[in-house]
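Two complexes come next, and they have one chain in common, chain A, joined by chain B in the first and chain C in the second.
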Partner chain A sequence: MAENSAAGTILNIEGLNVSYPVYETDPVRALRGIDLKVREGEIIGLVGESGSGKTTLARSIMQLISRPGRVDSGRIEYDGRDLATLGEEELRALRGNDIAMVIPNPRTELNPLVTVGMQIANVARYHLSLPRKEAKKMAMAMLEAVQIPDPTRRFKAYPHELSGGMAQRVVMAIALICSPRFIISDDATSGLDVTVQTQVLELLQDLVQQQGASMLFITRDIGITAHYCHQVAIIYAGEIVELASTQNFFDNPQHPYSVMLLSAFSHNPKLRGLWTKVVDAALEGAAESGCYFAARCVRASDKCRAEHPDMREMTDAHSVRCHHPVER
Partner chain B sequence: MSVVLSVQNLVQHFPIAGSRSVVQAVNNVSFTVARGETLSLVGESGSGKTTVGRCILGLIDPTGGDISFHGEKIGKKHNVRSRGLRGKIQLVFQEPAESLDPRIRIGVTIGEPLRSLGEKREDRNKRVREIARRVGLSEDALYQYPAELSAGQQQRVGIARAIITDPELIVLDEPTSALDPTARAEIIDLLIRLQKELNTAYLFISHDLSTVRYLSHRVAVMYLGMIVEQGSAQDIFSRPRHPYSIGLLSSVLLPNPNLERRSEVSLQGEIPSPIDLPEGCYLASRCPFVEAECNARMPDADDIGGGHLVHCFKHRNVIDEEKATLDYFERFQEEAEKLLISGH
Partner chain C sequence: MRVVRYIGKRMLFIGPQLFGIILVSFFLVKLIPGDPAVMMLGPLATEATLTELRNEMGLNLSLVEQFYIYIKNLVLHGDLGRSWQTTRPVTEDLFLRMPATLELITLGLILGLLIGVPLGVGAAYLKRGILAKFSDYYGLLAGALPDFWLALVLIFFFYTILGWVPPPLGRLDFFTIAPPTVTGALLIDSLLDGNWAALGSAAGHLILPVVTLGLISGGPILKMTQSTMDRMLESDYSRYEEMCGLPKSIIIRHALRNSLPSVVTIVSVLYGFLIGGAVLVEIVFSWGGAGQYAVQGVLNADINPVLGFVFFAAVLSLIIYLIVDLIYFAIDPRVRG
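Showing the complex of A and B:
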């Protein structure tokens, strides 16, 4: 996939820290010093396990961290504007219009009492100030664009009448109807079948390419990033541990955690064992000093347990946060 | 190998309220599962995979066809619930968290199937401990609640609950799709180990083809309620013959940007509605090889040998067109092994 280095930066996240307070103990630090740049026309894949902070990152970009969670420090700049300084009105104009989010679990997020066609049309009515009729026409065109079978019938359907794949397409239609410049896809394809998933991914990719939009593609499935993203970022325990162009990453993954993730696809339990250390879940959260991954890492040394590693640029377009990166 | 489960011409239709038409969820499905064997049912959502599983478990009455378990007809609700069959066919669910009662301790959940078999409490507790060890759950976990366990651990509980009755067949309905890749790999290893130890037959329902390749002995590809192709996992993955199987396999995304299975055969258009199925082959509207015959009648199964059955008139042309006989999944495994060894 071609590199897009000349294009300008559309999203710039610097030193973002987000935490959720917990009763009578230390707050959970969901994001710890996230630095991430997304250029125009670029698809960047963010991969991590559940609980690694992926969704929190998506929600902080949308300025939708729900209380009592809070942004402790750091800034998020979209198109040169600091999102934290915008008022609620300005944000509302931005969300769904300029920045759109495709969410997981579509059936819980759709309004069960409104037909899906109207839910799509309402977005167009609000953001594009279209009259009802036009909005409906546009919603119908959108349903066709996301390839829902029998769109005229589905337009009048309620969310519970749709299959998971169809509900996901409805959510995509809602996200894409205003032709956003920046799309966040939060695990949007995880519930879909492979053939549907490929179609949905192709659809997203086409839109990004046609309109010069950018996308932050959050997923648990590292396989998708290999084929649809320009860059791959691996997130572990709220921090990015490896960031590289897709080709560099898959040719030469350097963080032991990245290799562990990839080893999960190997059908050879012995090889997988080389990179996986079985630990008690209780031990995992313990490391506050040192590398957060040290307890689960097969390469951990005393240095890892004492000193927190910084992000280091190893080669061009390949950075790793590790004292002992994997060498090949 | 002795056949544990045999399904012949299974049909399942669901009536639509306020209308005379029916949803044809399963149409004429036939397959067998032998002792110690894994048969995987793969297909898109709505292809009828889960419905087949539910018919076998006796959760719904099939509209037509026969299901026999060790030669004895089952498949009507009361038959499956008869005493002799209890605990012989078990189920593992897709969402581990949702399939466990949040207010019941793990140990009690695992032992619950034994209660309906009338086992005494002491025997039950002993057996629960034994099974927990088998699936890799600690003794402490037995006194915890589901919410205290990780998703991977929860699925171990689901598996423990299924194997505690010594079933001969386990229907695994997407047991790994809700899990992270690392947890998924562990659960798959566990399932393979248990099968070797207990010689249980698995009916593995999944859309995760990468897992299916690794776990199954045989694979049946479903499309709109019928099995379009079935055969050994090796045959299906390296030499698929039905255009739909080829389309399905080429959409798997493996984590290696250099391996892209761009197939010559691409499926166009829309999936027909299961309410109003076409007269001929169900794939005819999407298939690049379509000709007049395909629209006129449904192709019968063509036996290619080695139990490889294809429902397609044109499969010989398909195989000529599709030159990629190399097993894409195997190539990925080789590359992955190189990568994993080289860094260590």
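Showing the complex of A and C:
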């Protein structure tokens, strides 16, 4: 992969802090000092448990943080432009066109009263200024590209008439129709059963790579990233705790949390549920001064509770935020 | 075809529903004190003539027998009895007066829609703008002001002071020749007749009562539109459309389309309500509509017009609700199935 020459970086996030104000108490700090670079053509996996801030990061990139969230500090540069400085119209021209999002619950997020064909066509129509007929033709081609069975019929279908897998393909078609350069997939397949999930993911990966786009691939299932991503970023309590090439990461996961994810998250849904519950409790008591993970960490020392660790580059393409990283 | 099956099922229920409505209203109306015989013959009538008249009208029979006769006449002959005040069959009277009311409230509600929907959409979209403030006050006022009072104020300004509109005395000027009755709605009838003088006069007379009803009904329509649009603009699919970079105008249009069922519902409720509820406005403008006819009946122990009015209003309401369901079918593919 091309090294970080300025031209090769499509997305550059620096020191991003996002919080959600809460009535009469401290705000929820959903993202804390996120630094992340995505190069052109690169697929980067973002893994973390529920509530770790993945969706918040995705929406921050789209400049559409849900209310009442707000950016406290930091910047997001897309293609060399600071997104915060862009106006509403410029952002609208980017969204769905340059930066597209594949969403997790297509059946509630697609408009129930509009045929899926028109929903795909609308995106092309307004971004590419196509006449209606052209846009429809393009949408039809896109439905074929995402391998929907019987596309002519599905074109006229309404969202409620589709299966989960088909709806997911429709959402992919919407995301890809304008050939965006950056795609965010937020937990896109978590609702599907395993075989359909694999098909859809493979298709998504193929299409993204065909178009030479980059992707931020958000998931709770760390196992998936091994197959589809060039890099893996682990996010915990709004903070990236480990960032490595996929190869390095799976060879030698260094953050205790990563190890925990790998051992527990991969295939046992019961354990997964358990972890999710633990994290809320841990977050509540997380000392602002020490390592956020200390309360749950088997390796935690007094230093961990007192001093917040910085991100350290351990080897080439492998950084970790931990005082006592796991050795091989 | 689900629509056809649905309508069929609806039709099956119409009979029993109407029967129930007549049953209840018959006995309730009979509870209104007042002896029509005394009313008809005046205070100087002798007891003998009164009894004779009562027997003639069937008032000597038991309530159940009276009800049986009423239903029999209705079902077999479409006969709703006579009004002793007009001395004409109630059906004829109502066919003459109901269109006057319907023309009035239909136009009033159309105006209400024209006022309420844009304001509601605007207020939902520009949450903190002047428009939202204005909509708040307007909704409040429209809910608080009595319609007849508003009518009187409008008459005072636009007739008495400015003289822009004809006097509030009925549907046409005295010297205008009415077009032959086809639908009973004067605007349509005079158009069909090519009678421009009547068209102008009818339109002029409609302005103030329609504005009154439009301003009043615009309030609830606005509130409903605003709250539904609020919800729709916050909904998952609106946010997704935003994420796809679709223009604001499209997002609003789609949200409005998703809000339509609620707007249709409130309009249908208002329509059903105004058939009788516009009576004060009718009285202020001497409109001679169905509501006024029914109230005259109540005041003069003239029972048949009252019952006839209830029957007509019930039939109209059922038709309206059927239309509403058909609109739902047209709007929402999920109901269409």
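The rule is short, and it goes like this: the second predicted complex is superposed on the first by the 300 of 328 C-alpha atoms of A that agree within 3 Å, B and C clash if a C-alpha of one lies under 4 Å from a C-alpha of the other, contacts with A are read in each partner's own complex, and residues count from 1 in each chain.
By definition in this document, a residue touches a chain if its C-beta (ideal position, glycine included) is under 8 Å from a C-beta of that chain, and two chains touch if they have at least 3 such contacts.
Please read these numbers as outputs of a predicted model, since none were measured by experiment.
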Chain B versus chain C as contact partner of A:196, first or second or both or neither: first
Partner chain in contact with A:20 - chain B first, chain C second, else both or neither: neither
Partner chain(s) touched by A:108 [first = chain B, second = chain C, both, neither]: second
Chain A residues touched - chain C or chain B, whichever exceeds: B
Which of chain B and chain C A:247 touches, first, second, both or neither: first
Partner chain in contact with A:149 - chain B first, chain C second, else both or neither: first
Shared chain A surface residues [contacts with chain B and with chain C]: none
Residue ranges of chain C touching chain A (in the complex, touch as defined): 236-237, 239-247, 250, 254, 257-258, 331-334
Chain B residues within the chain A interface of the complex: 43-46, 150-151, 180-182, 184-185, 189, 207, 209-210, 213-214, 247-248, 251-258, 260, 267, 270-271, 273, 332-333, 336-337, 339-344
Complex contact set, residues of chain A against chain B: 1, 49-50, 147, 149-150, 163-165, 192-198, 220-228, 246-247, 250, 253, 259-269, 271-272, 274-276, 281, 326-328
Residue ranges of chain A in contact with chain C within the complex: 62, 64, 91-97, 100-101, 103, 105, 108-114, 122-123, 126-127, 158, 160-161, 174
